[in-house]
Structures are given as structure tokens and as C-alpha cells.
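Encoded as C-alpha cells, here's the structure I'll be asking about.
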Amino acid sequence: MKREFCKILSNYEVADAVYKMVIESKSISKEALPGQFLHIKPSQNYDPLLRRPISICDLEQDKGRITLLYRVCGKGTSLFSGIKPGDYLDIMGPLGKGFPIFENKRTSIIGGGIGVAPLLYLSKRLKKADIYLGFKDEVYMIEEFMSCSDDIYIYTENGSRGSKGYPMEALEKNISFYDVVYACGPRKMLSAIKRLCEKNQVECYLSMEERMGCGIGACLVCACQSSNIEEYKKVCSDGPVFNSKEVSLDD
Amino acid sequence: MKREFCKILSNYEVADAVYKMVIESKSISKEALPGQFLHIKPSQNYDPLLRRPISICDLEQDKGRITLLYRVCGKGTSLFSGIKPGDYLDIMGPLGKGFPIFENKRTSIIGGGIGVAPLLYLSKRLKKADIYLGFKDEVYMIEEFMSCSDDIYIYTENGSRGSKGYPMEALEKNISFYDVVYACGPRKMLSAIKRLCEKNQVECYLSMEERMGCGIGACLVCACQSSNIEEYKKVCSDGPVFNSKEVSLDD
Amino acid sequence: MIDLSVYIGGKKLKNPVLVSSGTFGFAKEYANFYDLKLLGGIAVKGITLKPRKGNKPPRIMETPAGILNSVGLENPGLDGFLEKELPFLRKYDVPIIANISGNTIEEYSLMAEKLNEHVDFIELNVSCPNVKEGGITFGTKPESIYEVTKEVRKATNIPLIVKLSPNVTDISEMAMAAEKAGADCISLINTLMGMAIDIDNRKPFFHNIVAGLSGPAIKPIALRMVWQVAQKVNIPIIGMGGISNWRDAIEFIMAGADAISIGTANFYNPLAPVEILKGIEEYMIKNNINSPKEIKINGGVVYHE
Amino acid sequence: MIDLSVYIGGKKLKNPVLVSSGTFGFAKEYANFYDLKLLGGIAVKGITLKPRKGNKPPRIMETPAGILNSVGLENPGLDGFLEKELPFLRKYDVPIIANISGNTIEEYSLMAEKLNEHVDFIELNVSCPNVKEGGITFGTKPESIYEVTKEVRKATNIPLIVKLSPNVTDISEMAMAAEKAGADCISLINTLMGMAIDIDNRKPFFHNIVAGLSGPAIKPIALRMVWQVAQKVNIPIIGMGGISNWRDAIEFIMAGADAISIGTANFYNPLAPVEILKGIEEYMIKNNINSPKEIKINGGVVYHE
């Protein structure tokens, strides 16, 4: 866990409002695990004030390069989109707990929308997981995922690429094939996956999102409901990846 | 007086922390007079919040181009220095009252440091004014001023370029040759010039600085002491150029 | 059909977007940017009985997402306003709110009386932090607010707005005192008392030491106060404090404001009021809302003519 | 020779840079970034007699140059603190300030008694806007501050800091009440009460409706309050509220603070406290200042051991 000014190697749009940014950091890429995140300062002034959590999407340890994938949705991410190669960003990381890697289990990965971000490096590390990805209309990072697995299912809501529909549908059919499911995406989707896996007694890991302050466990603002009703978990340091049994997603 | 998003044509350092920026605006360059200023928003977010007043340094009406010269000294100007050609800036202008142009009088222009900024376009318009410029060590925009006048006196504090010393010394010697003096620079220098001119009954125009809010006369924050002790003048709309007799520079 | 109008003290504003006293001069300057009659109303620079020179510069300091100002009510006095400024304003079909400050209750009353037939609304400024006399000293005790409002109420029959200071423990007490004394409307907030130090010269940055904080930085505080007042009074509320875009404006209306007012935003965006008005309109169309009062969330009270 | 130390209630802090309660957890996390013994002191997360779960998320919202938080004093309770958190803290040679909140005066006293031999300072939080019971209700009346301070004073013999709420008309009255009741030091400010509305879902953003505003946005207000309190009390002051860089810190010390405390800045810059300490040191060297108390501008009172 460090705070470092990292050089930006590239930063461009890969789909409407979705950007891919490659940064250079030997030290972060040496340590980082799939599912961990970076906490990045969008501005040197005080508005926006806080850092933004962005997952590690991919990583080349030998080159000291980390790929991020982000969707522009507010002040911070739109400042990110204006960053030019050669600029530097103030980055803390790697932060949080990543996905546990089970190489000898039957694993599957499911991602929805920008939730695919933390799953690419995971796919690489797992080597032979089945992959289910869902998008609204435009797809992205498909080739990169394809190079990690032969069994990959692509869905779009309007059917413009891959099959029409939602990846949950396919996962539901195949759930009995897996020992472990890894997921990231909208809260509703995570909630459904949690239910599906628990019903089928499949181990399940979810990457969660909450607004953050410090990003390291000191401020207690990133609380998410623990399955123990008496307490909250900290998404930044207890997570962002949780075993589905640790957390409650009912609101 | 307009608010416009103007395209930046170039922006580069001409001396240590001093930048020259060329912007494109047909409408502003059509109206603008020497000594007027632009009010420029440094950020689309709320910190820094206010616009920054920057004088019109030069102007090519036919091409719709305006040159600015600015020194990086804080949040706003350092954001300006990061602007790249092709970017746009949110600009209000031209604002304020400029220098009156007397073509048939014997005129001289005196500027100190970044205070030379509003004087270049004035020099062009006056055609045959004598020019006195003073800098700390590094000089800038010298060639441009030289092309406006044959009688140009350059001073640096350490003598690294031009004569060693201050332009006031030369102006003091020659004051009796002039009907009108135009000046911009540090407050102390303006105060000395005002005294010199008034003692010698030479008409004198000073370009003044005060922190601004609206830039157009509505908020009353840019007050400077009028020579009428009962009232303040507004630098943004009564000035920034004042006849020395209108204002008091004693603190 | 969407109808943007709102009523204050029985008078109609064609829309809920006003501009705040002291941030819009006497409106001339902004007339170069858009047609003033687009506005719901204009609160002009605060006036006093006699002309005031205002505070010694510096008068402004930028702070993170805000500004500190120390103008100190520079103004041409009541007569100067009536003679030199009002005629221009009267050329536009837009309600004028005269913002007044006094040293004594008598001064407030006298000004209200003289303004009665010349302007559309009177706004009592009992909350200026930038002058020694009057101003904020009236604004931090419910009893003084009650007294000054009650006396001014007698002196005028046009709608009376009382503008509250945020520098108090419980702003809703102040609002209730004004309501009880006969105010037609509460406007809030004036600036928060702040300070800056010039560390290079080792002294307070402003001659007055304290100055008034405004701008986006204070929005969360202003919004909370509008909400608190809306829980307690039954007269309309004009909400202000850091409003910078239409989303901010909708937040204030949801919190209970009947109209909103744009202050500091005018400085960095001269078109802020018209852009915000457009945003409110589009929001209403998109959400099938016919009148601004339908935007309020429950807890806020709704007023009819 | 420059000497950075300052004294509070007779105890020495090796330098005037502290970190604020609730923004630094129980310090473990920041121990990864620098050696904690560099700090003048650490105010740990506010604790209560019994463990508290804290408020329902969302708990944070970014505002212009600030944040609103609604953590609601989530903490492991007094015993949890003593057993699980304090042992780690005690490994470092750094003064520990226990920040305590109670529902009743008895709770405050009991906690102070139990903490007496375990920590270096006790900070009475009479100003948390994020909990219904206790907290801020104690902090807006001089009489209640007097009472709670007086009782806690009896329960402990280590230095007692009273942390004030900024949500009051006159903060110097609160400070004087604490001083009179035997406080050794005043710390200020806690967060300002603010609010945000989720306009897409038409409801207050936080379950608690109001939340606490902190960060650079509030600095001008905090600085003004430190100044006001410094004019009125003769005990040391810990100044905080939006301090983000060494220039801010110097402003607070000039205004009358004996020590300063870093809160929200830790979130966006984990190295803020050490960078600020370095800045203060360099400022002192450059300006030939031997002790932080020499930085105060007149009006501020100077304390000696």
C-alpha cells in the first residue's frame, strides 16, 4: 500500500464514455492481486476533493503496467478522461482484498457492464474459468477476455452483439457445473447471483461498491451490511471482494 | 461584452513562469481596445471558483486572434499554463475601460515586469510612443515592442539585459519631453509615476489591479480609492485604466 | 401545461428564479447578457438610509469553492437608489425586491415607508456580517427579529421578506419570530461569518477581520437550514446559498423553498440564472410536474394564491 | 534552535500537528504510510460506553471542496477500545487523545474514569451532529457544557479537552463555559450541520437527513471561530476544520491555535499531517521563529508550562 505519482502511458475511449487507461507503476504491479483497486486523485485542487476507487483491470508485472477500465459518470471520471499520456496521477494502491484464486476448482466469472473491469486480470490468473459477460448495447474488452478462456458467453440487452438477454440466464442454466462463481456488476445482479449460488451451494465472491473516503479502513464511511445484522463491513478494507455469505444485499 | 468559449491556438512559456497564450475570437478582437481585459474561467469545477482577469496584450483583428501574456502565480494561472492548443476556455470580454489613444501628442509608455502585458497593443496603436520597460532578470516580448518603436529603453535589475537599473530613472530624466505617460506595473512603481507626472503636469494613465468578483461592475469588490475621499472606484468597470488624477495610491 | 409561477405575499413571480442582493448590483450590468424580464425577480444591492462608502479594500478573497467578501454595504443611499437606479430597473417587466439595512428600527421603518410604492417587495436584511452597526445584531435574536419585523410591517403594505442570518444555533426560531411578526416570506441564507489571514503580513486579510462566506462551499449548510425552516413556518421561503446549477436549485425546492435565488454564481457565470431556469423547466417537463410547488418533498408546505 | 513542542494541560506534545477524531480510525491504517511517532498526538475515533453499529449507509457524499458524513459514531465501545485498539497504539511514542461521547453526564464521567490511566488526554465530544442522543444537544448551550465538563473534570486527572460544535450563534460563550468548568483545552471545530437531497429519488440523501460537513470548504468558518475563541479564553486551543496544507495550519496558529489537527485531508492525502508538519518547520526556520507560540498574532494568548 503506497501513495505514488504514476505516469500515464495511454488513455482512450473504447466504447461510448468507457475509457481504458494504462499506467506505469513497478511497485503497485508487483503487489497487486485481482480484485484489488487503486484510489486515484482526480484533481490537485479541492473540487473534486476525494480520490476515486478504480479496480485493477489488467496487469503486466514484467512491464510494471496496470490497465484500468472506467466509465465516465461524474466530475472525477470526466477529469480522468482528459488525462493525456505523459501526465501523472496521484495514486494509492493496491488497496482492499482481492479475489481468492482457486486453480483446481471449477470456476466461472460473471460481469455486467463496467463491472467487467476487475474480472479481466482474474480471468487471466484463473486460466480456465468460464466467462459470462453482459452489456447494454456496446461491448468492450471482449477480445481480451476471449484470450483467457474458450468458454465465453456474451450478452447484450438489445442483441446487437452476442446473444440477446442477460448473462444471468446462462449462468442459471449452468450453475451446477461450478464450484465457485466470481461476480461484479450492478447491485441487483449481484443480489440475484448471491441467491442463485447460495441456493445451489456454490461458493460465490462478489466485488462490491460503496462511496469511499479514505479507502484504507480508517473513516468507516464505506459501510455495507454484514450478514451479521449487528455490524457493517468496510468495502475498502474488508472487501471490495466478499464471500457472498459475509454480506447482505437486501435493502 | 460577451461570454464565449474560445479556442486556444497556442500556449507556451516565454520566460520562467511567464506564458504567452493566443486565443481565437472574432467578436472579442473586433471590439477590444488596448488596456481592456478578459475575465477567464480557469476550471469547470468549483475550485478555483472565480474567473481571472488577464489583459489583452496583443490583437490581430483581421485574424480574430488575441495574445495574452501571463505569469503563473497561483491556482488559476497554473491551470492556464496546462491548457493545450485546441482546448477551449470560458471567457468574458472585452471588459473595462482601456487607454485613451492620443495620436498627435508626445507619448511614452512605461511597464514593469508582467505589467508590460497590456502595453504591447497600446504601443502598436500609438505607433510612435517612447517605450520604457523594466524586468527583474529575464526579459520577454522585447522584439514585439521593438517593432512598435525606435525609442525603446530596456532595464533589468541585475543588468543581464539592457541597462542595469529601473526604467523610472530614464523616464524621470525625459519626463519633460512628454504630454502623456501610460503605465502598468507594480503598485509602488505606479505610485512613483503618478507623483512624477503630476509634479511635471504630464497627463498620466495607469492600469490598476484589484481582486475581482464579477468583472463587470455589479459586486463592488474591486474597489480602489478614488481621489475623492468619499468614494471608491471600481477597477473592473471604471478602470482598469484610470487617469492618475482619478485615483489615490497612498495606503 | 407547466406553470412556473409562484406567489409571495399575494404577488406573482413568473418563475421561481431570483437573483440575490449584492451580487447583481442594480441589474444594469447583467442586462448586457440577457433580457432581465426572464427573471422571477431581482433583489437589488442592499441599501441604507444614507449613502455608504463601504469597507476599505481588499474586499474579496477566494476560498475553496467559495468566496469571502467584505463590501460593507457600499450603496448610494435610499434617495440615490430611487433617483439614480430605480428608473432603469422600472423599464423591465420584472419584480424588484428592495433589500434594506438599518441602524435602528426607526431607520428600517422609514425606509420601508419611502419604498412602499416604488418597489414590489421589501427584503429586511437583518443579517449582514460586514457592518458594525445594525445588520447581524438584529438577526441573531428572535426577539429583535420579531420587533423589527413588526414595526416595518406597519410601515408598508407591500409583501415583506425577512432575510435570515445563518450564524445562529437554531435558524427556525428566527423564521418563526419573523412569521409571527407578520412577514410574508423568509429568505435564507445570508453569508456565513468567515475569516482569512494574510500569513505573509501576519494580519487578518480583511480590515473588518471577519467577512461573509458564500458560494458552492456553503450549499450543504444552506440547504439544511431551508429544510429546517420549512418544517416550522407556513409562509413561503426563498432559498439561497451556493446554488450553482439546476440540480442545486431542485434540491432547494425539494427541501421546501418556493423560490430560489442565485448569488455568487453570477460572478463566475453571468448566465447562471437563465441556465438554471431552463434546467428547472426541463426537469419539470421530463418529470411531468406542472408547478414548482409539486417538487417539494413532504415536510415542505405548499402555498396557493 | 527551533522547538516545536507545545503544552496542553501540563503535558507536552512534541509538535503542534495532531490528527482528528473519526478521520484516523485507531491509527493502524496510517501506520503503513509513516511513523506515527512523528505526530504531535492522535485523537482516535470517537468512542461510546457501549459498542455502536453506526448509521445506515450511504454515509458520505462529496460536496464542493468538502464532504458530508453520517457515520454515526460506529465504534467498538469503551471496553472494545481498551482491549482491541489501545495495545497497538501504545507501541508508538505518541500521545493518545480519547474522544468520548455519552448519552448522559454519568456516561461521560464513567468513561473518563475508566480511561484515566490508559490515555494521555480526554476529548469530550459534545458536538456530534450525527447521533440523536447526547452529542450536539450538550454542545449548543453554555450551561450544559459547563455541567458536563465540571462532572468529567472530577472523574479524571489527565488533561481534559472540550470539543466544540460550530452550529451555534456564539462559540466563544461555549468555550468560556468549558474553561470555567475546568477544561484544560478547547478543540474546535466539529463538523457543520449540512444536508443533501437525492433529487432522482426525491428524498434526503442520508437516512439521518442532516450530516456533518467538513473539509476545505469550512476552513474560513473554522478559522473565524478559532479567532473568536482565542479572544476570550486563557487555555490552549486546538484548531481544526478544513486544514489541508501548511499555509492553512499557519493561519490557524496565527489566529490563536496552540496546536492544529488534520481531519478530512487524511482521506485524500494520507501524508497530509507529515507534509504539514514539515511546512510549519520550514516556515519557522525561514522566519526565525523559535516556537509555534511566537507565530500567534496579537490577540492570541500564549501559554507556558
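Residue numbering begins at 1 within each chain, and the chains themselves are lettered A, B, C and D in the order written.
To be clear about the criterion, a residue touches a chain if its C-beta (ideal position, glycine included) is under 8 Å from a C-beta of that chain, and two chains touch if they have at least 3 such contacts.
Note that this is a predicted model, so its numbers are computed, not measured.
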Along the shortest chain of touching chains, how many steps lie between chain C and chain D?
-> 1
Counting one step per pair of touching chains, how few steps separate chain A from chain B?
-> 1
Counting only C-alpha atoms to place each centre, which chain is farthest from chain D?
-> B
Centroid distance [mean C-alpha coordinates] between chain C and chain B, Å = 36
Any idea how many Å lie between the Cα centroids of chain A and chain C?
-> 47
Junction residues of chain C - those touching two or more other chains | 64-66, 215-217, 244
What are the residue numbers in chain B that touch two or more other chains?
-> 45-48
In graph terms, nodes being chains and edges touches, is this line, ring, star, complete or other?
-> complete
Which residues of chain A touch chain C in their complex?
-> 45-47
Chain A contacts chain D in the complex at 1, 3, 41, 46-51, 92, 210-225, 230-232, 237
Would you tell me which residues of chain D are touching chain C in their complex?
-> 63-66, 68, 140, 167-170, 192-197, 199, 202-204, 209-211, 213, 215-221, 223-224, 227, 242, 244, 247, 250-251, 254-255, 297
Within their complex, chain C touches chain A through residues 64-65, 216
Chain C contacts chain B in the complex at 22-25, 28-30, 32-33, 45, 53-54, 57-62, 64-67, 69, 71, 74, 215-217, 244, 264, 266-271
